[in-house]
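Naming follows writing order (A, B and C), and every chain is counted from residue 1.
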Amino acid sequence: MSKPWEGIIEIPIEGRTSKPRQTGIAMVIDKGLGVRRLEDLIEMSGEYIDVIKLTFGTSAFYDEALLKRKNRMITEANIDVMPGGTFLEVAVWQKVFDEYLDRTKDLGFSAVEISDGTIEIDGKTRQDIIKKSRDKNFKVITEVGKKDPKEALPISLMHQLIREDMENGAFKVIIEAREAGKGVGIFDTEGKVRDEEIENIIAGVEDTNCLIWEAPLKNQQQALILRFGVNVNLGNIPADEILALEALRQGVRGDTLKKAYLERKEWTR
Amino acid sequence: MSKPWEGIIEIPIEGRTSKPRQTGIAMVIDKGLGVRRLEDLIEMSGEYIDVIKLTFGTSAFYDEALLKRKNRMITEANIDVMPGGTFLEVAVWQKVFDEYLDRTKDLGFSAVEISDGTIEIDGKTRQDIIKKSRDKNFKVITEVGKKDPKEALPISLMHQLIREDMENGAFKVIIEAREAGKGVGIFDTEGKVRDEEIENIIAGVEDTNCLIWEAPLKNQQQALILRFGVNVNLGNIPADEILALEALRQGVRGDTLKKAYLERKEWTR
Amino acid sequence: MSKPWEGIIEIPIEGRTSKPRQTGIAMVIDKGLGVRRLEDLIEMSGEYIDVIKLTFGTSAFYDEALLKRKNRMITEANIDVMPGGTFLEVAVWQKVFDEYLDRTKDLGFSAVEISDGTIEIDGKTRQDIIKKSRDKNFKVITEVGKKDPKEALPISLMHQLIREDMENGAFKVIIEAREAGKGVGIFDTEGKVRDEEIENIIAGVEDTNCLIWEAPLKNQQQALILRFGVNVNLGNIPADEILALEALRQGVRGDTLKKAYLERKEWTR
């Protein structure tokens, strides 16, 4: 597809990856988009979306035919689709993980999110689940972090989980921030970025490209792009914000444009 | 319609009602959804929506044919539809209530919201309006509470209105919280729930199932579900949040799942 | 198109303009609406929208055919469409303004937004750009104000820019408030209106009808309607809020209805 301003405007921040992406992932949070809105989303910005998460247990309340239809629309657009990790936690709690995984495949999901944000899952079970999911050819995206800030993980355990998950075949590891992005993980109660938390996390991670940062709010996306660059992996992006995020990544939106401009006031071709 | 995970995952919080519901009502606030988006909404989550309110006086600015078309789509999906109570208040103020009610019927509305959040309406007029609306076969949903927090009703008057409204045929009584859910009624200026206000209200109400709590924000929905259970009646739910609310009610979203999990760690079938 | 309640309810706040409007402009901010949602928007509220801005540089990431299709849909509904001013600033910075303007015409835009919120543009260049855009038959909407609050313009310079822009053919001048409407220009960090800033701005402006106030939040729209009347020009309105804004302007929503009611409790025809 040709771009409207190609050959005239140069993109200020270069190096953006294209599909299929290993870095620069955008994961969209879907709380129940209808098929017309999904068509709109794919048509307008499908090339900038890598994963769609049908978040929490929302997919349990879909009509089954409609769920299959959505999953087909998404995967045909070369986007991965997964149920929310919370729902997988329920399956583990209810001791029906194997049946859950088979059904997830039948329903047309291409990926699974493996988390323990609410339910306790011991380390061995976690790695078993990852391996089983890989064996069934799912793209595996794991998550570290608790939904309840009072249960925050020790940083050394977080490092260990990230390492083990990647060794066992995870595609990426998500850093939990919930849908709201406030008062959890790297964000304070107002949603501002706690820089020292970020540095603590990456201090024990070999390759920061293995991380997906949940960052629903614009100031969070901006801070992470400024810290890690155009191709930082970002999650829990609202569907309506995908093109705005792309503008932010590539420097044609106030905040990142400003930085590019200050570094290179005299533009030469 | 069959559900995607039926027979595999059990719903952690049981007892959810189905249509036509007497309790567990969800009322959606509609500020001008187009017909494609409405089709999406009905297809994705129609069975979890009981009432749609075309809020404020927004319906006055519709094209008439389009309004009739929306009302038909909604009622054919077994959902009630009503104009905002504010608009009815304007009719009362302008002394055209009877003509207003006839027109409301012609336009295809199935319900009316009767409030006095902005305009003063004396007690006798209020009950007359309720009875007239019942006589024309409207589902009647009344509202107590003022939009301006400086005019908060004495609690004894609130109790009296709820009792009289129900006696005269109201289906439910809404507890006002505006579209924003902040600084009014049971919510403080940041939208947090004021527990003592809730307890004051229900202290004088025979059956709390007669109340619909306006609760646009997730923390509010969560607090009310935890207080009153899976089938609490909730209003002013944004259209995009209906499935997320259902996940919250039924315990497949972090916050209510956590409670269910702590009560029953060893899941047995 | 006939209105559903015409002949029964009188609009409490009279004098609303209709298209083509010189005052009472509503400018919608579009971060990537799909065509189905755009059809919905036009069908539901096209007559209340005067300008749509494809904000920031988002249009750079569209498929070209899709952009042309959207622009055609918008202009055929008698709505102006323009790229975000930020994107024009990039063109000026990269010294390709003339090519940019030609391409903008080819792509089907009817208007341009001329700003210097991020990139420095000297006064002479600014006026040249305005004149060139007028010469190509674009509707020209300029903007004053910096995106970074630390760079706030001296008020006298702001007055001078507004005067010069209008003299050189601008249709309106936007007062910058960003997408979020917080911590910039006339709004404090919580989005509350700073009345003295408004008064400072209008003190040096001959006709306040030449200004469009960016006001994404409801309390901001309300304050500006109460200050300037039903036909104040407002910008950065979210697409989903257009009918709610119309209800607010015309006094069939709590906040402006209250004022109309207090002024005229005894309604007579």
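Simple rule for what comes next: a contact is a pair of C-beta atoms (placed from the backbone, for glycine too) under 8 Å apart; a residue touches a chain by one contact, two chains touch by 3 or more.
This one's a predicted model, so the numbers in the text were calculated from it and none came from an experiment.
S.K.: Rotation angle for the CA superposition of chain A on chain C, to the nearest 5°?
M.R.: 120
S.K.: Would you mind working out whether chain A and chain B touch using mostly the same residue numbers, over half shared, or mostly different ones?
M.R.: different
S.K.: Using Cα averages as centroids, what's the distance between chain A and chain B in whole Å?
M.R.: 34
S.K.: Mind pulling the chain C residues that touch 2 or more other chains?
M.R.: Answer for chain C, listing residues that touch two or more other chains: 36-37.
S.K.: So in the complex, which bits of chain B are touching chain C?
M.R.: Chain B residues touching chain C: 31-37, 55-67, 86-87, 89-91, 93-96, 99-100, 103, 107, 117-119, 147-148, 178-180.
S.K.: Where on chain C does chain B make contact in their complex?
M.R.: 1-5, 8-12, 36-37, 39-41, 43-45, 48, 218, 240-244, 246-248, 250, 252-255, 257-258, 261, 265, 267, 269
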